[in-house]
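Structure provided below as structure tokens; questions to follow.
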């Protein structure tokens, strides 16, 4: 027998009746605000070309490492899901997901997917082995219709602005196409220079060559390399970018002299650097990027602390982003000091810090953001972008950093269809948090309404200079 | 005036009426499921000999380091409690516990003991200085009756299987006796090789000699030493073991070549190794044990992160396990990589990870278990095996690892009488956690019933291959 | 339009009606207990001279780094607030605070200030840009009246004892004046030797000279230096001190021989020491201080883990204590071992441990305090002295350390006017925590009343030997 699927209107609110009532009232005021998505990983070609998405498996399962990592953890082969270019029958792959959907109980993936199934496709039965084919057909058929084309969904979702993330080596052709088209959706890019900044990145030496070709600068010299960044940042900004993004293993920053940096660059450029040299180079580059941000006004995001590709066998067989990135303990207080020594007191600089190490919320990040004018706190990230994770974020940062040193919500996703679901979770959790404060007489109700609007909309817009 | 002792039927459930009602309903369905105790430290001779337990102090106070550590922390001498072979009047020792019972307010020891007093001995007044003698006599008298013999309690408690933990040097005579007896209680062992694996263990060199005698292998060579393990594991398995257990200071693993390992073994065997050599040897042995587990199917448990015998004076005077083991910060993401590099993708291998460092739950352990097929998460352990500790475990692991990468509950205790109390706490806390999810519309009620049964019974049975 | 300011009688209690009722009942019993303030940073000259406090800005804003750090984090110049000796119109500075008061939503500063505004000054409108002048005048005018002189407020606040914190170089003239006066308020000092113990302290060499002059001991020798401490501690004790306080970067302790310590002292005394030498010297001095405490009975407080003056530019321009101290990850289990090796089992020694690293609560501090007779846990400190911070403290320490290895509340503040507000927050949060335990049947109601009184009054008095 199939089970019903119905999203409850009070989902994710605190369950205590009086607090829930306050949360409902707050949510009612902000539920329909436009979506600001200032950081994420959707594919700009979707909006440039506006072609139909493929089938259910191609759209919802294969690009979503949250889903296949969990399936893999239970012994399911990635090949059977068609991951990493392996051929698999998409319907059969979908059935595997359906039969194992219980694995996602109480995970955010379940919340996001159920929202997509119910709100986007109007499905009202629960996903399981029995309903697998019905789901597959319903979704795949819908995707062929105009109502499910990327731009239509973008508009239906009430997205005011959506940022993607590109390497400096990207031509931004899709963003340029969108800008030149008669469609007025705002899809912007962000400058993510890891491929030309991280000596450990696959193909680093080759990337530097392309970087030179694209910019006309001599990236074999430190001065030319920096000039290439400046040029490329200017181009990204011209096309619409308001931010940069940096995904380093740690939050280390450095403050070398020009000649020290020059020597270090020579070493890592030639592949002659040690692991320590690579780390120092990335560290120095965060400081260089901050210097450029102070000039060009791009907001800087630092996303440190992921041990990428932890599963070496899997990496060799399937490549990166296969659900095998594992968070590490991350220090900020020492790591950021060299950068802060130079630029910490610049009120015009804006650096948004993220973490995968929740122990740093109350200990380091909230105290840093509650003092330095240039620092802000990004929202709960990745593994922590979940109801409990967001609650921990608020309860561990607010008392020291306040609400106004945070920057609203980032969905940070490549799963376009679930973007409104993710913002909805954040809005509900924030309203619940505020409702609890009101119920404990720690915040007045009129203030809670003001803050709710800021968390859902205003802070992101301001922090990302949108 | 004596105060009443009465266990409340709603104890440990969330206090909000609607949530409590859901918790009650879930609990009603699973409260009477048999107890699976897949990891613990009870004494198998109790069940082999089935002799009466001694007096109240001997049974309940002297072996329980949770109790005497707290008394010691308040300046009470261990000698006065008869710890470490010191002579003390057991009734006087019991009185000290009784007079200081307020120290245990809001600790799990209080919950477990009150359950034992009320449910096992039918006592209905609270323990304090005034009721100390009444308690001592009631308990001590009852213990002389047949109804309180080990096997009778085992059956009364509804224990389906109970695992103890033995060194490879143990003859397993008691397990053999139980197997050969006409009693059909299932008491199995687990292979805990620390005394012959950890070069820092008391008497390591001598232990290796005994290991050789027991197995007929030449434990002076690396190959012989490994063969001895293989033989002894086979023997343990034959007698009933389904798991091994490893209590190292850290979670470090290594992946040396045979000849590197051989050289290292020579060093540590002769006592010529440094602290780093000892650590590397333990690390290599975790990988060797994983290799053997892949062959013989024994489930592997890793219990790292305790700084054993932190109080050196106390250790010299009273020996190990005297309440002076203190948790340390524990890294998993780097430490486990060498082992995972070799065996991480083996779906037939099962490694259950424990931690005393809660900051690793959401940061490292849930992401690792939510990806690697060979990894599962053990329940909240030791200091964290408590109502708040278990709640933190669920709220910090579920969203990333789900429920199905966890393994149910371990009581991990030598306090036999409290085993049902400990499982009852876990069941109540899990039902409360599920009820909260249902009340917030994050899980459907029919799913919560299914999960509750898995957490109380099914997952432990499956994970430990029982 | 102005908004009302009214403290709700149920503020900070759990919002669930039944739990709130229990919290109310508990609170009613302890709300009016005298205030024990065993550790803080108020200025003893206030009580010695009993002169009127200055204006609103001088009293409430300029000394409070919680306030101006938050304003600074949002780009407001410290000069405009009159910080660090800069001239600023106090009324204009107050207006900046008022206009930015929304930044403090859901922070403890807001709770403390609102209490001061409402309870001390009888203000019933909310602080904002519109009411800024009204606030400034009301407060400044009141401060000129006798009802707002330091001693009158001290009595009105029901303070039984208030401890300040002084350097060994302090003459304690104000404490002596108070002792000799006919006023019977108890204002005592605490011995905080950082300026003569920490080789990295500003003016260390010069401080040692003054230390010699004050004590008549030759502080150029290790023996003389120790003798100077002993003399000065005796003097502090004579004047009223019952405790010492140590604010080191880490919790490191050491256990050097006399001659090793002598050599080390020679190095650091001459400024010839490395960073490691300075760290080792501080570490050794904690052990020396413990030895002296065992002799003279002064209770020892360790406040480690703050990276002081993290913002170097700000430090150079404005000096220390300007809101730029950032917590660091802090180890206790290894750091304290050398000291505990020598003195850990001394039941007459009392060392109170604090932390800024909440990950150590359940992992290290509660297990240490739940075992060693000499250790107790100080309350949630600094950034964590807040409703959520206190709840985390209780929920992460109680199950392992119990209530009786904690020491009640410390306000640890220089903001004299808010002292009762801070104790009130602690009392309310503790009553809420106890109420939750009662509501979940984890503690009996009669016990909760007993514990509430201990947490609010008894434990602090006993732990600090007052």
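By written order: A, B and C. Residues from 1 in each chain.
As a working rule, a contact is a pair of C-beta atoms (placed from the backbone, for glycine too) under 8 Å apart; a residue touches a chain by one contact, two chains touch by 3 or more.
Quick caveat: nothing in here was measured; it's all calculated off a predicted structure.
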Self-check item: Angle, in degrees to the nearest 5, of the Cα rotation that carries subunit B onto subunit C
Solution: 120
Quiz item: Counting shared numbers against all numbers at the contact of subunit A and subunit B, is it over half, same, or under half, different?
Solution: different
Quiz item: From the C-alpha centre of subunit A to that of subunit B, how far is it in Å?
Solution: 40
Quiz item: What parts of subunit C, by residue number, touch at least two of the other chains?
Solution: 16, 359
Quiz item: How about subunit B: which of its residues touch subunit C in the complex?
Solution: 3, 7-8, 10-16, 69-70, 72-75, 102-108, 111, 126, 307, 310-314, 323-329, 356-359, 383-384, 386-389
Practice problem: Would you pull the subunit B residues touching subunit A in the complex into a rising list? | Solution: 16, 18-19, 331, 333-334, 337, 340-341, 344-345, 347, 359, 362-364, 366-373, 375, 395-396, 398-405, 436-437, 439-444, 446-447, 450-451
